[in-house]
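By letter and in written order, the chains are A, B, C, D, E and F; residue numbering begins at 1 in each of them.
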């Protein structure tokens, strides 16, 4: 393969995930590496962590594209006696660049929640839960329909099969026997979208804590309202990785550029096992 | 029983859980009801929700003592077309008062995390993870020792047996075979205490989201650090209910006052079931 | 009378006083009561205070409509050992709902200052002192003309006759012999509108304190400017009550609904008497 | 008289009214004039307004000492086409300095509220309503006792006789027949001190608006609490003028310096007349 | 000459330098003096300081027009024991008004940076570095071309000859032999415009400190970028004085009004000499 | 030489320049590099810029100690297409660590301003201009005496000889013939210390802009006050480099550790030449 500079890869990524779409508090784009250096092997991962760096070094990656920023808030040091600084040293020493597409990938069309919606079995048209003001075809979250109604318990089982396995699976709130068809999803921590999901039968997202979930279910029990499904943050965003890899590869191919892509197999959900008392 | 005015019950509660100990953002104390009215039956619960009100009405309670405030942020309406306003109408119509001891119960000695520590099997002395500046014998969280080391997996199983059952149990991060002995616990959402638990072998708390848990484990993997256990917010605070009921009853008994107390059996954790893909 | 649910009354009130017109810091709408319950007797009052509740209970009102919010700033408690919490308990126990139309009634057309303008004798067209940006036919305050010029002293006497009596009447700043014709008025505390009234001959409002009144008169004396009249806050808003009662009753009548309305006769101005030294 | 430089007068004033005692938002001290210029005639007034400047020019004053700042908030212009700028030009052209003692005079001992307390007939010891943290013998407001109990109506009449006459006198809230003995007073706008006056029988101050006065009386009616008397801001602070003139003159006399002092007779309350409807 | 009131002069100045164009933090307009008083002699200066007042008194000026505000932040005193208060006293006593045109003169067309651009030898069309949002023909800074390229050293020498002499002249960053043609300039402290000047060959402004200058040159050395020239703040704004005097005089002449104008010759740059070690 | 880990060097530096002394907004400590790696050659410089990195690479340095932080405000990227990111890549690739001692070195005793004071010829005792609240022997700036009085011009010449040469030398404000003896100095941008230097005859610092310098000299001319000398920021901090190198080397030597130190000879002042018009 003729070497392709990183800058060309970045331009292709940003034609799909425009950095201008990112939230003002976000930190997207190139984190380390030199745009002039050649790239032929690209690893896609949710989290920029040590296990993913191991995978990148072992495979000989030139670039890691992650969903989560390494430094969401600014840092004044990359010293190697911190986990993140050690990662920076390791990547620079191994000539591996790191690039982040975060909230700009969330709101893209297709974006993170489209991939999630398909993974849990939605088959028809999808529309954003919170459309972007400047382009309502983009936005946060997605809502769509199942091909036919399922019980909540059956839909949860189907969702669990469609997402990568974590130690703990999914948590479900609501009556398991309830029939559901309209499904809202949001990859990652979706509590800020709870208010937009009232018209659905289920809202599936991640990182739901006690008070938002409890208030949502109390209000729903009183005023009618959706069931909730809580999955691993990592698992809800992972389906975006093959989607992004495919879009990048095909976009480059259309320009006559060939790269190797790989989707990370490292589970970066923190939870490794569970415990439960007997009934 | 000669009727005891609510004001006497409140005075006794506040001798144990001084409202001045509550955080500045908190909202503790009497939420509805009249301090001059008599109280003979007192229900203890974690959350002021409809299921708990059902239990109180059915039992004929005069007072509900909850850990969580009904209105943590102020409200300008208690209209009955909202879940919380309907609760207020129901309680007032049924002459049931509502009283909250929240962060003042968290930092009390004994307090919420003491009860949690005992429930998961800590047997020796306990000290606060974040001592209160004005009295270091009080504070947030507790740290103590197991009678003898256990594997992380065995300790998690013991903790699950000690806590009330929820649909999903406990989630564990770290090597299941690791031996653990020094245990830090914090009832409720404990992410703000992650920094104080570095010297323990395990930190058990609730409401841990992906980024805090993942950063904590990444740093721990790099610099040495504890395992994490995440339990239901409700389950970690429930052990405080019998403790508080006992302290109130014995404090009143010492003054010659008899009341009936009951600990709510309603599970107010939002999650009712789980789903998991096959291995 | 066939019972009309409170929700129908609210819908009619909000067709006249749209809650969306209220200031962002305001708290309008239903404060307590159940929209599904029937309403046949409606009391209108400026202030949600104990004397007004007495009047409502004695008359058998189902609903009190007030101008002032009970909780302008949010509350975390309605316990019955506070004046406001006791009011909530009394209203709920007596099945009396409480509804507030405040700054949305101020800016309505007709609204609070229209009623005030008519009460003090303005007869022609009225326009807002500070027009609403989205609809300049609405807005805060009103300015209009007297049928013919009066001395300031005579206008003040006419205004006093047109407003409900308080213990202290009106206070007047400026030359009593000055002829006035263009009159600006603003029901309630109008100091934020002082800058908009420069072109009138008189500005009549309430709650004027020393520094704003003194600076306004100093500037006026230097640069030409209006006289000031200060009346009781309650008295300047009271004329709105019969106007609102009439609009509600006629609006419901047009839908075939009959309700009984009453305007509160309780003086809720705080001042009960005056004292003065001899000349 | 041998000429005394303004700087010596200022030093004497500041030995009684230390500028360091002023609130952080206040603006006390010399506003215009030259500390090196001689001063022999000093006029004391509440407000730095045109009528007071007329009096100063007519009498030939070298210095005006006022309670209220001319520019409480900073100005970027003293141009003569504003009322305040015209005052600055007139004073500078006439070699009249302007000096302000405001919240430092409020908290002094004796200070503004001592003079007010004596003026309304308090005869015994006085203590601050809100003691200064650094010296509890100083502070805002005063509370003391009448020589013997009076009805509220009789005390109000006595207070009216003790204060300089304004067009409207005093407003009184509470039962006129109530016996009162413990009296709290605060010169000027005292609403921030309402919470400190709960234990008195009466709180006399100025600039009380509807909502603070109404809430105070509602709470008082519910929980027991004082009556209120509202007087002109100017009238409540005027008694301080002869006190301050006397203290300055005697302080200078002890250093062998003689100055002429005069207390302004200009009424700077904005209200010139009243109106009332017939009973 | 028939006397012209100051108000007429101000109206003419404001037709050229609209006060509405000033930044929100700025303080422009009349600082002292009376708009009704006659003006025949007008002095233009950069800074309202004692040396300029000397010049005004000596010449018999009725008005000083300065670029810099006397009180950019508000003052609560003009007492004569401060440098600024003494200036106010001196001007009022000598019937000299003071008027400021600051950021409204910066963004005018022509404005401060136009005059600077011409003074340093730019001959063709000029456009703003940061165009005003409401009118892009106005704005901060100017960019234009030299008639033909010069070395940086030669351009700096030409700029030094075009500006009034100060003790220290100009400081230059960049390679002296570099050929330059596109020149960006900004009168006064221009560090906030560094980001807008990237496409020029040189950016000439004033008050550049170490960190902004160093970061600008580091980035420029890395990514290509302009040289910098730092001149005295006073010297970069002085060329505006004859421009403004000429525009005012000709504007008034068109209305048949004659005034005398003079441009201050006082150097108000603080630096009076320099020192340097031998090579 | 036996290799010494970077962590030992850091511990020695921090025994002299305690990071806890740094301002809350500052960013001191290790910026890149691994504390476990060996260090034998240490370069001291004011600024972490490309020219200094060239010097470090050429000499084979293991560590650069700078006064200025690379990232004073946090960064979310170290990508190599920015000047600072390229520096990070270059240092990591060349195994060169970067460490910063900034405001903790300013307030140390001896610290940055001590070295400056000696460089400009102060010979006796020195005390801080703004003593540190917790230890008044430390602090910002220094004030001391010359061995005997000099004219301002002669002192400026002596200071210029004592500091490293820059293209433009020193700027002096005040009467060159004035005799001076008490000298205040502050390395780096000292405008925040202008108020503390009133009692000296001269204040020498860097980065003085027009308005602070002009207001300082106007006030001084009115009320008596010091002359000012403005030098290059870099030049005023450079004398600290040999001082710090010496303290580090001797501290390590006392522990039996030998390192090579070097003081950077790169001039990092941005200004490379000057221009001046003829007299």
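As a working rule, a contact is a pair of C-beta atoms (placed from the backbone, for glycine too) under 8 Å apart; a residue touches a chain by one contact, two chains touch by 3 or more.
Not measured: the values here are computed from a predicted model.
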### Task
Give me the chains shared as neighbours by subunit D and subunit F.
E
### Message
Counting C-beta pairs in contact, which chain pair has more, B-C or C-D?
### Response
C-D
### Message
For the two copies subunit F and subunit A, is the contact made of the same residues on each side, with over half of the numbers shared, or of different residues?
### Response
same
### Task
Could you grab the centroid distance between subunit B and subunit F? Build each centroid from C-alpha atoms only and quote it in angstrom.
54
## Note on the structure
Here the gap between subunit D and subunit E, centre to centre from mean Cα coordinates and rounded to Å, is 47
### Summary
Averaging C-alpha coordinates per chain, one finds the centres of subunit E and subunit F separated by a number of Å equal to 33
### Query
What parts of subunit E, by residue number, touch at least two of the other chains?
none
### Message
Testing understanding: with touching defined as stated, what is the shape of the graph linking the protein chains, line, ring, star, complete or other?
### Response
ring
### Query
What does subunit E use to touch subunit D in their complex?
27, 29-36, 69-81, 85, 88-89, 92-93
### Partner subunit E, residues of subunit F touching it in the complex
47, 49-50, 68, 82-83, 86, 153, 156-157, 159-161, 163, 165, 167-176, 188-189, 206-211, 213-219, 221-223, 228-230, 232-234, 268-279
